[in-house]
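Per-chain residue numbering starts at 1, and chain names A, B and C are given in the order in which the chains are listed.
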Amino acid sequence: MSFLSYLINGISLGSVYAIIALGYTMVYGIAKMLNFAHGDVIMVGGYAALTMMLSLNAHPLVGVLVAIVVCTVLGITIEAVAYRPLRGAASPLAVLITAIGVSYFLQNVVLLIFGSNPKSFQSVVPLPDLKLADGALTITAETIVTITSCIIIMIVLTTFINKTKTGQAMQAVSEDKGAAQLMGINVNKTIALTFAIGSGLAAVAGVLLCSAYPSLSPYTGSMPGIKAFVAAVFGGIGSIPGAMLGGILLGVIEILAKAYISSQLADAIVFAVLIVVLLVKPTGLLGKPIQEKV
Amino acid sequence: MITYAIVIAAFVIMQILRGTGHISSLFEGLLVPICVYVILAVSLNLVVGISGELSLGHAGFMCVGAFASAFFTKCAQNAIPVSGVRFALAILIGAVVAAVLGVLIGIPVLRLKGDYLAIVTLAFGEIIKNVINVFYIGRDVNGIHISMKDKFSLGMEADGEMLLNGPQGITGIPKDSSFVVGFILILITLFIALNLINSRDGRAIKAIRDNRIAASSIGINITKYKLMAFTISSALAGMAGALYSHNLATLQASKFNFNTSILVLVFVVLGGIGNIRGSVIAAVVLTALPELLRGLADYRMLIYAIVLIVMMLFNWAPKALEWRERYLGRFFKKSAKEGE
Amino acid sequence: MAPMLEVKNLGISFGGLRAVNAFEMTIQKGELYGLIGPNGAGKTTVFNLLTGVYKPSEGIVKLDGEDITGKTTIEINKHGIARTFQNIRLFKEMSVLDNVKAGLHNDYRYSTLAGIFRLPSYWKVEKEMDERAMELLKVFDLDKEADYLASNLPYGKQRKLEIARAMATNPKLLLLDEPAAGMNPHETAELMETIHFVRDQFDMTILLIEHDMKLVGGICEKLTVLNFGEVLCQGNTADVLKDPQVITAYLGE
């Protein structure tokens, strides 16, 4: 029974990673950049929801919606101010370092407003836990909501990308910006939209993460951010099902390693698995192989 | 040559200022860390700028160097009482252990390319930190005891001494580092890096960076030279780690996290990818900057972040470059040439 | 005496696509040989097979009597094949001189330590390399630009520098992949002269790809025509250019 409960916890944590990883992978796919500030957008989402619920006594759902709006606007702003000017820069490292600057910026703005002490987060899921098998197995309501949201997001996003015109424009831009532009696609708008979606998802992930692990500080986003980034690479960066698979596997491995091997080595094990996967399959589990033309 | 001159001039000026008491104790305390970051930046530039691979785990090599050297110092404290000799050996050991790890990690990692290589270096950096965190090593009359659980399972005698105490790390390291030692290590680093870059091996490394396929078509062994750059870079980072650890009383692995690697990468990119002199200057300025901004209290890290973003946009955005070309053309063209 | 290059039944498939099939070719020492064919005929693929970029599915490649089939690019270069690329691949952030010195890498050696500590062997070998590299640059009329960044050279000179770099590896066989692509008629004429000169001066064996038949006719002694991955015709230039099959392949029905 305990294995099953660990497994469910792992899937739940993995679902959060997966939602964050989706943001990473979409942005990477389309803008070919690692958005290191993504983890901090999660944190901002957490604070937005918390402020709504604590200071304004808003309903949790309102808190979530506000968080999504705040993060979406934030994502679009960051892209327009910090990343767009660097499109076409001589080195891809330029935008990477700028993203790190943005990450510091967000952390410190939040630090100035809310202080460095961790705030306890109030769960956005006011439902009772589910007890199965005469109480031997407890599944928290947060877990159920997290996993469900992850599945819904996955389905909606896949449909959006494959079935709508905008989604296909996104695919076109990620294949070949120049050609997409020639076909009349507004590349800047499409990339901005991708950031908007990624950041909105980050808000959802932030709220879910804080509900499951109810402590929020300006640095809350950075570790899950890195893990989700690892998950995205693990699944094959640029691939949406890959991000999903990578996220969930990572969460499960992390929780099981914590439970059965060593809680201190859990992160090391997660990273070791990533290394092994990349050495066997250099572009991740579901990534497309790259071939350089001579 | 200009680079050496700048470093020596800076050292002489600092020494004079120190002698005449013009330096606050705060800044005094910053001198060794500045040396550490200069060495780290130069060494990382060997990988990022000269070899052309993005490494996000540089702090890992620094970590290994720091722990290996501090561990040696703790063990040899009684055997080698002369601190100069002991510290020199400790630095050497830090560098060698980091270099060995560089080879071990480099062999698998360097088969990957681009962002995948970057993420795997990140992963290794985190693994190194985590693994050091679970080791407990103590010494008593019966010899050395090692455990991966906790300090009580070492089963030591009452007079036993903890050498490495899990997440608490190593304590009681003698403060052997000084600005003078740091300065000498910077010179050694520059000597190795610059001479390597301008030699047959350096040419091969740069050729691979510029065009891997062309390099192999003229018979250059890709793996060998990528590994060489990676290993030398690791060794220098290990040296920086030794300098760092002997400047602190307590050494903890958690300090060597992803953010440290990123910080060094920021120096490299802002100083100019592949530009060794730029790395030196950027490391000095950016390490000192938060302290110089101390007057601004809580706002200093925020300003640091803004400075970073603005500088990146100014230096790299195509529009900004165009603008610079138009209005500041002559001035910048000149400095661009010198930077090469 | 064994021919310089002997290729028997060479073939490769990518997925289901048969890119090169039953390719045969023999080049004698000192010959200037042309490999021609329409776009997509598989010419560059043949080069990639000869230089080890791709491993052939079947067939044998012999260089100067030695079997080099399936060896790596680096080993094949050491055996004596050097090449240029259709889309120029210079070391852009390095000087013109350093590009050629990189080509001298395997023939002029000193240890890493000698390089770092500037031991006498460093100074001696570097000086020899400089001299040898400058000699080569002079052949290609690039000596005045030795200190330029490779990427700052005009297009025609970049192509020449690529040949100079390949020559620096002291090859037995030089492969040129569309050396005149993108050049104006004046540059092309000059390049053809240089190629002739290289062949005579160094007694070099040269295999070059072109799809401009007029141009090839003026310089190559022998030709192989490739179409859809197969040899359509081969022999003396004059005979090949008269072959009705070749004319059809080029001009269509």
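Following the convention adopted for this analysis, contacts are C-beta pairs under 8 Å (C-beta built on N, C-alpha and C of every residue); 3 or more make two chains touch, one makes a residue touch a chain.
All figures in this text were calculated on a predicted structure; none of them were measured in a lab.
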| item | value |
| --- | --- |
| Identity of the chain that, by mean CA position, is farthest from chain C | A |
| Busiest interface, counted in C-beta pairs | A-B |
| Between chain C and chain B, distance of the C-alpha-averaged centres to the nearest whole Å | 43 |
| Euclidean distance of C-alpha centroids - chain A vs chain C, Å | 49 |
| Separation of mean Cα positions, chain B and chain A [Å, integer] | 30 |
| In chain C, residues with contacts to at least two other chains | 53, 85 |
| Chain B residues counted as touching two or more neighbouring chains | 213 |
| Chain A, residues touching no fewer than two other chains | 294 |
| Chain C to chain B touching residues, read off their complex | 51, 53, 72-74, 77-78, 82-83, 85, 89-94, 98-99, 101-103, 105-106, 108-110, 112, 115-118, 122, 125-126, 129, 165-166, 168-169 |
| Chain B residues touching chain C - in the complex, by the definition given at the top | 191-192, 195-196, 199-204, 206-207, 209-211, 213-222, 228, 274 |
| Complex interface listing, chain B residues touching chain A | 48, 54, 108, 111-113, 115-116, 118-120, 122-124, 126-127, 130-131, 133-134, 148, 167, 213, 258-259, 262, 265-266, 269-270, 273, 298-299, 301-302, 304-306, 308-309, 312-313, 315-320 |
| Touch list for chain A against partner chain B, complex | 28, 34, 36, 82, 85-91, 93-98, 100-102, 104-105, 107-109, 111-112, 222, 226, 229-230, 233, 237, 262, 264-265, 267-268, 271-272, 274-275, 278-279, 282-284, 290, 292, 294 |
